[in-house]
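Here chain A shows up in two complexes: once beside chain B, once beside chain C.
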Partner chain A sequence: MAKITLQNVSKQYKGGEIQALKQINLEIEDGKFFCLLGPAGAGKTTTIKLIAGVEPLDSGKIFMDDQEITDLLPNQRDVAVAFETYALYPQRTVRENLAFPLRAPLRKKEWSEQQIQARVEEVAKLLGIDDLLDRLPRQLSGGQRQRVALGRALVRKPKAYLFDEPIAHLDAKLRHRMRGELRRIQLELGITTVYTTPDQLEALSLADQMAILNEGKIEQIGTPSEIYQHPANLFVARFVGDPPMNILRSEVQGEEAYLFGQTKLHLPDHIRSKLAAADIQRDLMIGVRPRDIKLVAPSSEQALLRGQVKYVQVLGETSILTIVMDSHEVRIKMNTQDAPNRGEAVGLNFAVQDCHFFDPRTELRLD
Partner chain B sequence: MSVNAQTFAPISSGRKAAILRSRRLVTWLSYLLTALLVALFLFPWLWVLSLGFKTRAEIMSPNIVWFWTPTLNNYIEVLINKGYWRLIINSLIVAVSAVALCIIIGVPTAYAFSRFPIPGKESWFYMILTFRMAPAVVLALPLYVLFARAKLLGTFGAPILAHCTFTLPFVIWLMRSFFDDIPKEIDAAAMTDGYSRWETFLYAVLPLVKSGIVAVALFSIIFSWNEFLYGLILTSDATRPVASQIPSLIRPHGTLWGEVCALATTASLPVAFLIFALQRQLVRGLSFGAIKG
Partner chain C sequence: MSSRRYILWWVLPAAILFLVIILIPFITALTFSFRSFSFTSSLSTGQYIGVDNYRKLVFDNDFYNSFKVTFLYLVPAILLQGILGLGMALLISGAVRRARILIPIMLLPTLLTPVVIGLIGVLTLNPDFGVIGQLLKKWGLVQGSVLGNASTALPAIIAVDTYQWTPFIAVILTAGLLALPKEPYEAAQVDGANPIQTFFRVTMPLLWPYFVVALLIRVIDAFRIFDIIWVMTRGGPGTATETVAVYAYRHTFRYWDFGYGSALIMVIFVFISILVEYLYKALQRWQAAQ
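Here is the complex of A and B:
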């Protein structure tokens, strides 16, 4: 168990052509489940590889607890990694792949042959691959290989687990189950875990703490609820939440903001003072979560915006509606039984306190 | 639409027969070509084999003697009476030692070339390759002087080290491409699994190139076995490999063709046997992709 700290870590590839990580600072607390969330190419895998020590960093320092590990070899760091590319040993059976970390010469005295077999079978059962133990990796499907890769990490109890999109290639049902299992194992063992995923829902549901990574930079660090409720900038606002937050451009005039030139929105005091401080004269980005928008009759006085239902996407109990107004689209999430039909005219209402305000130039949150 | 209709139009039975005929023709032609090639390679060898079992009169006859009673006299004379069977042992000692040495040094070197960021790596690599290109004559005399000073002349050390000049670059060059084919994630996985760099090489990577090593070693043994010049110049009678001794059968009063062929046949047998025994490994090792999981 360990606290992991990254200090001003940078990493380039191809002689500087690709800047994978730009001055990253991270503190991953001891025993926490930490998710790195970001789109493809954000630098998630690079972060994992640097913490594991399988690639050298260009500048910066990495600490484990208070010991610097920047220059330590991977086998001196005591971390277990599940690689996104699996990296299974092709000539070894599943059983031998799982046993491989326990057979490392430096752990020779820790594990007897019997203990190794028992541990391998325990982990295989946990991951539902106990009937595949005598197969070779090439005889397995992608999802099965991914579980073997995960098992090879879980077979030990290291100072930290590093999981690089460990369940991305499993089918939906199994992924859901494995997510629960991983969280349970982590809570049981209390081992610091770094977990990367491009799936915001996965990150929100698993993490104690999470960081949003984009183009090699950290956009925001916080608990899932902090990130969901107070996205630090437009990127996070758009990336976290499904369907994504509606971002509406508005014009500020005095104490009011005008949406599409038709709707007046009275700005709260603390936002107005921020506006003045940020020297925002006209444009203001207003974000509203699809859940926070209510449907009202188009003729009602409560209707802040009026439009027409373009699509209705039914997801069982809830539905996602796409409302079109002029050339803009707004998405809302509501109970299926209350949803209107396609083509109906509707009015939209939302509360100012549910709005998120962003500076259009810096894209940063205002409050 | 019209294009689609054409593609799906049924093929007439006449056209079908024509396609089948041309396909059969291609098959027969390829058989014929293969047979020709095999004959081309096999003929000299069979010729040598047959001469070894003929008497001097039969060999020298102006008309080719197609039917004769095979004699073992050539074999008895060259192997036993002249005592040349010992040269086969010499060849074995030289070839096996040279190849073992080159595998032990060359395989880890190739791994280093594949994995480590050595400054000027590609230049070093091509420099090693160019050593392979140097003709033996260029190196023979300098090596003679060098080995004479080191008092290696007349010992097995001389031909063994000399053979390394062409075997080692070959091993490094081929083994590197085998290692390059193995994803670096395998190394990364083994190292995070708790293995040191050296243990990663031994336990995770080396098992993946096993058949590659067998193929490379086999080729190296063949090169070494067939090597002539170093074997002639850098050795004494006691350490000379078999291939280099054949010229001694060319006498002022005529070449002993029967004995030459008997010795050549005997010398070919160990290598032929090796290739036959390791055929499967060889094919697997040469088809690079086969080592991937």
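Here is the complex of A and C:
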């Protein structure tokens, strides 16, 4: 168990053509489940590889607890990695793949052969691959291989687990189950875990702490609820939450903000003082989560915006509605049984306290 | 108009090429193998003699000997080339990018025609003025000429063949090594594997398909080896270096026995086909069994 700290870590590929990580600072607390969330190419895998030590970093330092590990070899760092691309030993059976980390020369004396077999079977059972132990990797499906890759990390009890999209290739149902299992294992063992995913729902549901990574930079670090409720900038606001937050451009006049030149929204005091401080004269970005918008009758006084239902996407109990007004689209999420039909005219209402305000130039949150 | 009508036109060029270059010579050789060519028969068609050529071949001890010689050359040559080629490939792929400009230079022997390579062999092995021949003689390793001695002629040919073809295997394996995925190596690093384990667990299994391709190409080549041997020893001394291709050539173009020569070629052809098929399966099985 260990605290992992990244200090001003940078990494380039192809002689500087690709800047994978730009001055990353991270502190991953001891025993926490830490998610790195970001789109493809954000630098998630690079971060994992740098912590594991399989890639050298260009500048910066990495610490484990208070010991610097920047220049340590991967096997001296005592981490276990589940690679996104599986990286199984092609010629060895699943059993041998799982046992290898325990048999490695470095740890030869720690485990007896009997203990190894018992541990391998325990982990295989946990991952539901106990009937595949004597197969070769190429005889497995993608999802099965991924579970073997995960198993190869889980057989050990290292200082930290590094999981690079470990369940991305499983089918939805299994993924859901594995998510629960991983969280349970982590809580049970209390081993610091770094987990990357492009799936915001996965990150929100698993993490104690999470960081949003985008183009090699950290956009925000916080608990899932902090990130969901107080996205630090427009990127996080759009990336976290499904469907994404509606971002409306508004014009500020005095104490009011005008949406689409017609709807008046009274700005709260603390926002107005921020506006003055940030020297925002006119434009203001207002974000509203699809859940926070309520439907009202178009003729109602409460209707802040009026539009027409363009699509209704039914997701079982809830539905996602796409509403058009002029050339803009707003998406809302509501109970299916209350949803209007396609083509109906509707009015939209939302509370000012549910709005998120962003500076259009810096894209940063105002409050 | 249906696209089916065009299909013929698309395949026609390839079909004609195949017919002219492969099928016609093959069928000609096949028909020749059932004929006898002598000055009493018509030179262009020969005389039909049924399977006499094949019957003769079955009792031809020199033919069996040529197979033996071929294998005596093939097995050590390919083992040597495989091991040296792998070593070279590991060095090249491990080298810094700039050092890779040496690859074309290393390939030079492979690019030269076998006749030239054979001549280089003859010259360097000459006991009187050849660089290596003189040394071998001085150290008393060889009595007289390397190529004139039945016990050293074949090893000399193996050495020259290895000189020519090791870079070829090295290039195929280098391409393979450079194309291997990085992640299994990273996993091995994290797992704490030592370099030897990494080599046998990660490198070899992943490189194996490339190895199989290189080996099969060399096996097929080995049955056709002719130029180097013809230039260096003409199959001699005696029949010490007379491989199947040399033997067939001798019958066809020295004794002008097109019929028997063709029969030899047919048997060699069938033999190579079976051998390669078998080898390919065996090599795959070997990998699967590991």
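Everything that follows uses one rule, which is that the second predicted complex is superposed on the first by the 367 of 367 C-alpha atoms of A that agree within 3 Å, B and C clash if a C-alpha of one lies under 4 Å from a C-alpha of the other, contacts with A are read in each partner's own complex, and residues count from 1 in each chain.
Keep this in mind: a residue touches a chain if its C-beta (ideal position, glycine included) is under 8 Å from a C-beta of that chain, and two chains touch if they have at least 3 such contacts.
Worth saying up front: this structure is predicted, and the values here are computed from it rather than measured.
Placing chain B and chain C on a common chain A by superposition gives a clash between them. After overlaying the two complexes on the shared chain, residue contacts for A:F163 are found with neither chain B nor chain C.
In the superposition on chain A, contact is made by A:V79 with both chain B and chain C. When the shared chain is aligned, chain B and chain C each come close enough to touch A:K49. In the overlay built on the shared chain, the residue A:P137 is in contact with chain B alone; chain C does not reach it.
Chain A residues in contact with chain B (one complex) as well as with chain C (other complex) are 49, 52-54, 73-75, 79-81, 83, 85-91, 100-101, 104-107, 136, 152.
By the touch rule above, chain A contacts chain C in their complex via residues 49, 52-55, 73-75, 79-81, 83, 85-92, 100-101, 104-107, 136, 152. Residues 181, 183-194, 197, 201-202, 204-206, 287-288, 290 of chain C are the ones that touch chain A when the two sit in their complex. Contact residues of chain B toward chain A in the complex are 183, 185-197, 199, 203-204, 207-208, 291-293.
Against chain B, in their complex, chain A makes its touches with residues 49, 52-54, 73-75, 77-81, 83, 85-91, 100-101, 104-107, 136-138, 152, 156, 162.
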